[in-house]
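Here come two complexes built around subunit A, the first alongside subunit B, the second alongside subunit C.
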Partner chain A sequence: MATTTAAITLTSTDLLTDALSLSATNTLYKAGTTIGLDQTTGMAKAYLTATTVVDIFPQLIEGSIAFENKSSWVYICNKSEDETEYITVKICENVIGKLYAGDFLWMPWSMRESENANNHHGDITVAPSVATGMWLEWTCINEGTEYPTENLATA
Partner chain B sequence: MATITAQLTVNSDITDYGLAINKTMTMSKAGSTTGLERTSGVQRVLLTSLNHIDLIKGGLAGSTVADMTVTGDTAGKVYIKYLEDDTAKFVRIGLGNAADGTTQTANNGDQTFFEIGRLYGNEWMIIPWNGASNVGDITVQPSSASVTDGAAIVEYIVFFE
Partner chain C sequence: MAITSTFNLISAAGDLVTDALTLSTTNNLTQAGNSTAIAQTTGLARTNFTNNPIQSKIVYRSNDATTNGANKVYLKNISTTATEYFTVFIDQEEMGRLYAGDWAFFPWSATDGTEETFIVTIANTWAAADTWDFDGITTTAANSTVADIAQQIDNQNFPNWTTAISSAAVTFTARVSGAAGVVTGATAITGDTVTTAGDGTAAITSGAVGTRSESDIIVIPSVVTTMDLEHALFYQ
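After this line comes the complex of A and B, so read on.
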């Protein structure tokens, strides 16, 4: 069993009258258990040169979500150093928010399938604000991924 | 201008090579290096029923955060933690409008709900937030087990422009 810990520290000395300091730490477990998550997509590093919306975890099988409602954790970071550049992060076409240069997110992901009968599910997508090239990093730590079977179709 | 930093550290032996994230972000206004300067403060909400509710409402109307003037397309950030020792209990975190109920939909363009993920006991998250009215509401719903002890407690803080 693997052990994965995640910690966050939020600090500010000048936002409020008194200093803000908030910390949290937890171990990543499989849903509803105390068994550690044991699978990952690995850390991806990508240079995106178009403003196209891209699915960053395309290995999910459309319409067959074996790991729906299981425990999955997602990290996405905009590695740009230009403060005007951002990526728009969506889940199933719904805008979560924008990550500007140096920003990251860390969130759970239910891989929920929508009620639409179009094999649509909770894809997590990103779209760069510029086509001049942006570096991004992302990873998913989870209970498992249902991989597509071999595609034997020919053109 | 304030300086707010968030430091994320993730360590794992999930692969033979390990996996480590150590990243610090300074929260700035959209497209600038000027720091975010407004906050909801740390809020603690007791969920005493299984109802699906708007934890944080986008826009102005009915905001659960006093004086919060979030507008869309900003660089706001939201931190949420489920204060619960039992790792079998969870809260569903969603985007959309809780008033629609708990029906899972594909797209909250019609102000319905889509589940992002679940926070089990003691878990937390930090995400950017565009704060758009209704479609950008952050919703929460405790699991059935969560209220048997009286209340599910969720803590959150919003940083915004």
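After this line comes the complex of A and C, so read on.
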């Protein structure tokens, strides 16, 4: 069985009177089981040079529900070193938050259709704050991805 | 001051993929657009969900943090039963499910709505012992001076509103954003009552309807039996 573990540590010696030392580790399982997740999109690294909103998992077929509510985990990291640069992360049309330089997120993903019922299936998008170039990394580890079939249509 | 977050994603060679996966990221949590450390937190909380029928809870309201701040949210499902999960929503959009032992850490823009607000102006002839009721609080006039009565109102601790005073006018602002339906127009609210021996008035001289926030973090358990969620918010 594939075993992938995700761990976080949050520490601070001076945020509170007492030291903060929070740790969590979990093994990534298929939904409702103890069978390890065994598929991934692979780690993507991209240099985005426009502030355009980008769908970072375009291979997800819009309109497909094959993997809706299955177990999927998303990692996104803003590799910029300029503290003023950020990316805005959305799920469907709804802003989750902004990742500033060095910030990362680790979140579950239901691939659930947008509440607006426009077949976006929970698209995760990012939009850089500047067009001067920003490095990003992202990956998805999941139960599977329904890939588009070959498109033989000609223009 | 500093909060350090470290993320590790590990899988042995030949396990998830042929090569070993060893991803490690470390970052200090800083405010939006600068290097000043995040300095506020709700603390690590633990919330029990035991409801039949199943009910959602708002774990964090947008009012809890600065809109577009570099806020961070930590959530963990404490359950040890593999089939039990929490579904996490950002407002109306489903983000994902946290199964037993799963945790998440993500930025949060805390996009706030607007709070309902209105101004009540104490006027005309009031007498000692006249009253104004609102939000479950009764203010009883100590004398007939309208500015004093307004000051008495401002001194109250309203459960759902904050107040500010200017002469005989008291400005009310809802503690939480949303269209609660208390303010119904530019000069009207519901739920207030004046009882006066004279012709005293508590006129609504200004009002604005609120709008709901669009990024409250809402969590729904999968079962009616007990489930615990651990959570923390680090915010500007």
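Just so we're on the same page, the second predicted complex is superposed on the first by the 151 of 155 C-alpha atoms of A that agree within 3 Å, B and C clash if a C-alpha of one lies under 4 Å from a C-alpha of the other, contacts with A are read in each partner's own complex, and residues count from 1 in each chain.
Following the convention adopted for this analysis, a contact is a pair of C-beta atoms (placed from the backbone, for glycine too) under 8 Å apart; a residue touches a chain by one contact, two chains touch by 3 or more.
Just so you know, these numbers come straight off a predicted model, no measurement behind them.
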Partner chain in contact with A:C92 - subunit B first, subunit C second, else both or neither: both
Which superposed partner A:L136 touches (first subunit B, second subunit C, both, neither): neither
First, second, both or neither for A:V126, with subunit B first and subunit C second: neither
Which of subunit B and subunit C A:D14 touches, first, second, both or neither: both
Contact residues common to both interfaces of subunit A (with subunit B and with subunit C): 2-16, 20, 22, 24, 26, 29, 31-34, 37-38, 40, 42-43, 69, 71-72, 75, 77, 83-84, 86, 89, 91-100, 102-110, 112, 114-115, 122, 141
Complex contacts: residues of subunit C adjacent to subunit A: 1-12, 15-17, 21, 23, 25, 27-30, 32-35, 37, 39, 41, 43-44, 68, 70-72, 74, 76, 82-83, 85, 87-88, 90-99, 101-109, 111, 214-215, 232
Complex contacts: residues of subunit B adjacent to subunit A: 2-15, 19, 21, 23, 25-28, 30-33, 37, 39, 41-42, 73-77, 79, 81, 87-88, 90, 92-93, 95-96, 103-109, 114-120, 122-130, 132, 135-136, 157
Subunit A - residues contacting subunit B, complex: 2-16, 20, 22, 24, 26, 28-29, 31-34, 37-40, 42-43, 69, 71-72, 75, 77, 83-84, 86, 89, 91-100, 102-110, 112-116, 118, 120, 122, 139, 141
Subunit A - residues contacting subunit C, complex: 2-16, 20, 22, 24, 26-27, 29, 31-34, 36-38, 40, 42-43, 69, 71-72, 75, 77, 83-84, 86, 88-89, 91-100, 102-110, 112, 114-115, 122, 141
